[in-house]
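The following pair of complexes shares a single chain, chain A, combined with chain B in the former and chain C in the latter.
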Partner chain A sequence: MGEAFVQGLLLVLQWKPFAFMLLGIGIGFWVGLLPGIGGATTLALMLPFIYNMQPVEAFAFLLGMHSVVATTGDVTSILFGVPGEATTAAIILDGHAMAKKGEAGRALGAALASSLVGALIGAAALALAIPIVRPLVLTFGSPELFMLAIVGLAFIASLSAQGARGMVRGFLAGGLGLFLAMVGQDPQAGVARFTLDTLYLWQGLDLVPVLVGLFAIPEIIDLVVRGTSIAGNAPAGRISQGALEGVKDVFRNFWLTIRCSLIGTFIGITPGLGGAVAQWMAYGHATQSARTPEERKGFGQGDVRGVIGPGAACNSKEGGALIPTIAFGVPGSTSMAILLGGFFLLGLVPGPDMLTKHLPVTFSMVWTIVLANIITVAACFLLLNRLTALTRVQGHLLVPVILVLVFIGSYTSNTSYADIVVTIVFGAVGYFMVVAGWPRSPLVLGLVLGKIAENYLYISVARYDAAWLGRPVVVALLIVAIGVILFPIFQAWRARQRHA
Partner chain B sequence: MHSRTSLALAIAIMALSAWGTFSALEWPWKAKLFPLVIGIPLFCLALAEALWVIFGKHDGAAAADFKLTQEQPPEVARRRTLLAAAWTLGFFAMIVLLGFQIAVPLLVFLYLKLQGKEGWLFTIIFTAAVWACFYGLFDLLLHLHFPEGWLFSGFGAS
Partner chain C sequence: MKWKLALIGALVVSPMAASAQPTFAGKTVTLIVGYKPGGGYDTTARMLARHLPNHLPGKPTVIVQNMPGGNSIIAANHLYMVAKPDGLTFGTFNRNLPIAQLTGVQGVKFDMQKFAWIGSAANEATILAIRNDLPYKNFDELRKAKQQVVIGSTGPGANTHDFPLLLKELLGVNIKLVSGYSSSADIMLAIERKEVDGRAGSYTSIKPFIDRKLVRPIVRARSMEAGLEQLPIDESFAPTPRAKAIMALRSAPEVIARPYVLPPGTSAEIVKIYRDAFAKAIKDPALVAEATKAQFDLDYTSGEEAVRILKEVLSQPKDIVAEFSKYIKFGE
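Presenting the complex of A and B:
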């Protein structure tokens, strides 16, 4: 284990993986700053470029990019009150309020330092979880893995929207994803399913064009609709002053930083939650740290603890989210679902192999998260005063560049115009889902898990008949899935009773 | 708009799952097991959503997802949405007819000039920069093959 840990570091420090990590950090740095395009979208856009990479290089590139998006997203959120990422919205409440009070530097210093602490704790959780998770994973058979896929889908479907109505929509999106995963030649009997008599669909729907369309097109449309520069006319000023004070704030509130990092890690591990939930839960916990009602009133008005909490949780969740993705093939978030697609593109199967045969690769992911965050935070501190200019890029300059990236990314997955048609169709689906208030992450999860779930279901039924349903872990996971579905309904019922 | 779109999506999923379920009935059990396990509940859920939209009082379900901007008046937002769709489809048409090599700089140039109302010099420099990045990264570095447009290859003959 110790040998694999060191080997993981040495793998990342080789010149090629390290160069790809730096490239990924560079892209993630920009993506985080610009609200026009999200971290998950960029991850999807970058997938086609990993085909010819070695696994270590590919994960250094993808994780290097993804693990810094939330860090630089905080910068835009604090300076302009515009969330750089969906996962950096909570930090606006106190961070932007501090910026308006002339304490932007302090807020940024606190956000960056807490992000770094959070990322390190998340990476440590991932490293520590591997020896615990490994024996557990090795005891899991096809029935248990099928049920895990169902639990993951239940989590993301029930928690990605509010109330019973939202849950129905979440399950509809997840079910649609599972349905779309069936397109193509069936692996057991060789039947061509839902191929519309086209050769292109015999291989099934390629993940990259679907993801690129689903996430990038709605954001492009929104950028055109807004028709302004991203940051508007907000004043910038010098922001490096006070950054050191913000760093000191993190150490003054060190246990709060640790607790919020642990909240983020736990939410990351739980399939179906994710950064958007982690930040708000951490913010809620930070407000609970106020000792008096007067102190609590300060939150939302520029309390530095309201910056530290979400900042730490947002980055610690990445390490946590990798645990179920690597160990069980159950992605904890949309980004992890896309990353899971990267595993398959590279010919890696998440599960026991990642914890035995490919353990150094797994540890290289831990080191990538650590190194990428250290480099990014250092770069942010060096560039604090210049960063504001980047958020003032006009929308009309971004749109054609993003469109080019979207279409090339999609086309290169199979070098077929049909890929672009798929992107446009799923762009429309994604747009209408956003308009209708339907969550898109369950669809992605369903699409990613569909083939695995079908395979595990078929093996379970063929090998155990109906007896697989009586296996203890399957029953336990079934209870968890039912609990996950019923809990929000119970919560809504209890809220109604209280109001009545 | 919100409810109508939701109803349209629900009806589309009902049609899709019904078609999938009926198609699956003719396949061997190995191939139809999963489509039936997924198709039937999916139809029921879509029906529930459709009925909810038709008979429900209010929506009350906000997705934990990206939200479209509400800053613009609805008619402006609608017009710009159609414009964005037109640029997207237009770019696809340009790629098919002219090929990526010409379509990429043409899109950037036209978008900056028509949509961004940028000056000639800036438009030309920006277009050249994007084209240089495209050519340098995808052609010289990654050696990706981009075919000629249909206009130059006899309408898909090559």
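Presenting the complex of A and C:
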């Protein structure tokens, strides 16, 4: 195995795969930066180009592109409050708040450094998990997946403001999210639910227009109303100098970075949960690191830990998601499903063979993820000053550009005008939620997890009746979920004790 | 949207001369796909977009435009009502749209028989496969199973669901259908961890797992593919002519699994050009090599044959349609 590990690296370092990887990184860089245009779509469009490539070249190209998207997506999210990817929305909450305080450099530094750490941990997990991957994935059946969704939903407690009022608002917003997840044709009876007699809503609400509306529109309105640049009146010198500070922040909170990376990897390994979940669970976990109520209130106002958490999880999940794809031919996300098509094109059959006969190829994928992330992060650091300077551009010059990108981004999800309508509707919802002090993240978590929770609950009950409730992993996850809900209450209690 | 497309159409498209042999030289042909990029319909369309131009007069550029939504009813409505019948737009959509029309699904604005049919690029042989470690070696043994056999599915409207549903409802096979898996690959994983006992689906997608000896094929629907010669057909076990008709109706669209059409009213001349080019493209060694690499089985079905199948589907008596609608919902 050690031999294959080194062989994998040498495979990627040949000049052709390496050149293809650089090309992939170049494409992924822009796809990530542009809002809406997703990594999955781009992968699908790039598949025809790999027909004549060798497997190692093809994966260097595709994975190089894919592993960069989340990293540069963070950049757009932080600078403009516009989700560069559906998987980089959580980082807006604190990342963009930091940019508004004039700390764009620090936020970017933290995001990039945590992305790198996350990617490395994800890749390491992929390498380490290879011998145990089959039993690991097979432990998680539908009941366990349902409970994982419940654990995810429990994080609403951490994503809400403290106090009874904050909790009620948080769970109501989460409930709205669950309700929105029901829109579309249901997979049990085939009934069209809440589709308002439109064909557009048959497939349910698309995540990208909803996220873009919910997060980008309020920020754009805010920018227009303030009439200044994004960084407002923050002193000029501070903005770009903080990058090193941000990197240091990651190492100051190193265990948090590691824990959030592991959350991301784990969500990635579990097929069926989808990439958009990991960031929110990581963000919820990051808020748990607040020691005092004052610290907790700082989240959403620009706490660097709120950047580190999702930043790390977002990149670590890619290594994780490769595991079920390679070992079972079961993709962990949409992008992985398309990558799977690439496997067949190259004559590789995912399954046990990839862990024995083709092990060097598998390891070359690990190395591609590692190298692509190192190269991207280095490139981003070189561009950092230019990027952060954008937060000093006057709002009236910036807003038209952002608006165009935002609406094109939404429109690409279905190429339908209804995408624009959804963006505007959720823009209004998002704006009023911000004004009234309601948290938006529980809504997104509910929307992302709603379908998963519903389907796996149905399957669990249909398959096992009530017996699934007694499965050991289910019970363990239930305890975790209760712990997650009680943790903020424990935090408040501990803070009171300390004051007394 | 309509006016905009019409405008673009008016700018880009000049009506083709009807007298001389039409040529597409220098033109751009749009291929509308009723799904997002990445799936089987899209991948097939993109392969075709690369090879079809070599067989069309004047070698036009063919570009793919994805128009997802409403299980591709949106794309079909567009092709029916908006797209100009000038040979510069053609499209592909959900093979079950005839079923949607038959059962009167809301939002359907097209009449399948009025499209100018080019043909189909593939057929889909649906089979039921069960775990290799189950005691049932063939369909007869499965029918006599005392214990319930759990079959996972993605949801109504998909062949993972409808095919086993009819086996249960019409042939009385002791099946428990568990739906809601997010993809057929997901069901495969559930089979691997013994959460379910088997699944239905296209032979192409299940074949790697048959080769790995995880599952064994038990029964198939009407549509045929090489390698399935020994497998019995569900219809042959039908207890009544009515049950047989319903099973036949469900599987009829599977012969035209990758349908390609031109807008209604396209001139016979252009239709003929497309039909000829399509027939040649599907057998083009370059395309076949590409498809084989991607593990796609291409099978050519002519436009005439597609129209014949449609006629058969859409001319079913009312009582059959009513009973059919009890079991089958349009979806995916």
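Here, the second predicted complex is superposed on the first by the 277 of 500 C-alpha atoms of A that agree within 3 Å, B and C clash if a C-alpha of one lies under 4 Å from a C-alpha of the other, contacts with A are read in each partner's own complex, and residues count from 1 in each chain.
In this section, contacts are C-beta pairs under 8 Å (C-beta built on N, C-alpha and C of every residue); 3 or more make two chains touch, one makes a residue touch a chain.
None of these values were measured; they are calculated from a predicted model.
Chemist: Just to be sure I read the superposition right, which of the two partners does A:R463 touch: chain B = first, chain C = second, or both, or neither?
Modeler: It touches chain C, and chain B stays clear.
Chemist: Looking at the overlay, what does A:G166 touch: chain B (first), chain C (second), both, or neither?
Modeler: First partner only.
Chemist: Does the superposition put A:C314 against chain B (first), chain C (second), both, or neither?
Modeler: Neither: A:C314 stays clear of chain B and chain C.
Chemist: If you stack the two complexes on chain A, which partner ends up touching A:A189: first (chain B), second (chain C), both, or neither?
Modeler: After superposition on chain A, A:A189 lies in contact with both partners, chain B and chain C.
Chemist: Quick one: chain B or chain C, who's touching more of chain A?
Modeler: B
Chemist: Which partner does A:I338 reach: the first (chain B), the second (chain C), both, or neither?
Modeler: In the superposition, A:I338 touches chain C alone.
Chemist: For A:V31, decide between first (touching chain B), second (touching chain C), both and neither.
Modeler: Touch status of A:V31: no partner.
Chemist: Have a look at where A:L403 lands relative to chain B and chain C in the superposition and call it first, second, both or neither.
Modeler: It touches chain B, and chain C stays clear.
Chemist: According to the stated criteria, A:I220 is in contact with first (chain B), second (chain C), both, or neither; which is it?
Modeler: The first partner, chain B, only.
Chemist: In the overlay, answer first, second, both or neither for which of chain B and chain C A:T415 touches.
Modeler: both
Chemist: On chain A, which stretch or stretches are contacted by chain B in one complex as well as by chain C in the other?
Modeler: The overlap between the chain B and chain C interfaces on chain A comprises residues 186, 188-189, 415, 417, 454, 458.
Chemist: Would you pull the chain A residues touching chain C in the complex into a rising list?
Modeler: Within the complex, chain A contacts chain C at residues 40-41, 43-45, 47-48, 51, 137-138, 141-142, 185-190, 192, 197-200, 202-203, 271-272, 324, 328-331, 334, 337-338, 340-341, 344-347, 349, 351, 414-417, 452, 454-456, 458-459, 462-463.
Chemist: Can you tell me which positions in chain C touch chain A when the two form their complex?
Modeler: Its residues touching chain A are 1, 36-38, 42-43, 46-47, 50, 65-71, 73-74, 77, 106-107, 150, 152, 154-157, 176, 178-183, 185-186, 188-190, 192-193, 195-196, 208, 212, 290, 293-295, 329-331.
Chemist: Inside the complex, what are the residues of chain B that reach chain A?
Modeler: 1-2, 5-6, 8-10, 13, 16-17, 20, 23-24, 27-28, 30-31, 33-35, 37-39, 41-42, 45-46, 48-49, 52, 56, 59-69, 71-72, 76-77, 80-81, 83-85, 87-89, 91-92, 95-96, 100, 104, 107-108, 111-112, 115-116, 118, 126, 130, 134, 138, 142, 144-146
Chemist: Help me check something: in the complex, which residues belonging to chain A touch chain B?
Modeler: Checking each residue of chain A against chain B gives 38, 49, 86, 159-163, 165-166, 168-172, 175-176, 178-179, 182, 186, 188-189, 191, 193-194, 217-222, 224-227, 276-277, 394, 396-397, 399-401, 403-404, 407-408, 411-412, 415, 417, 420-421, 424, 427, 432-441, 453-454, 457-458, 461.
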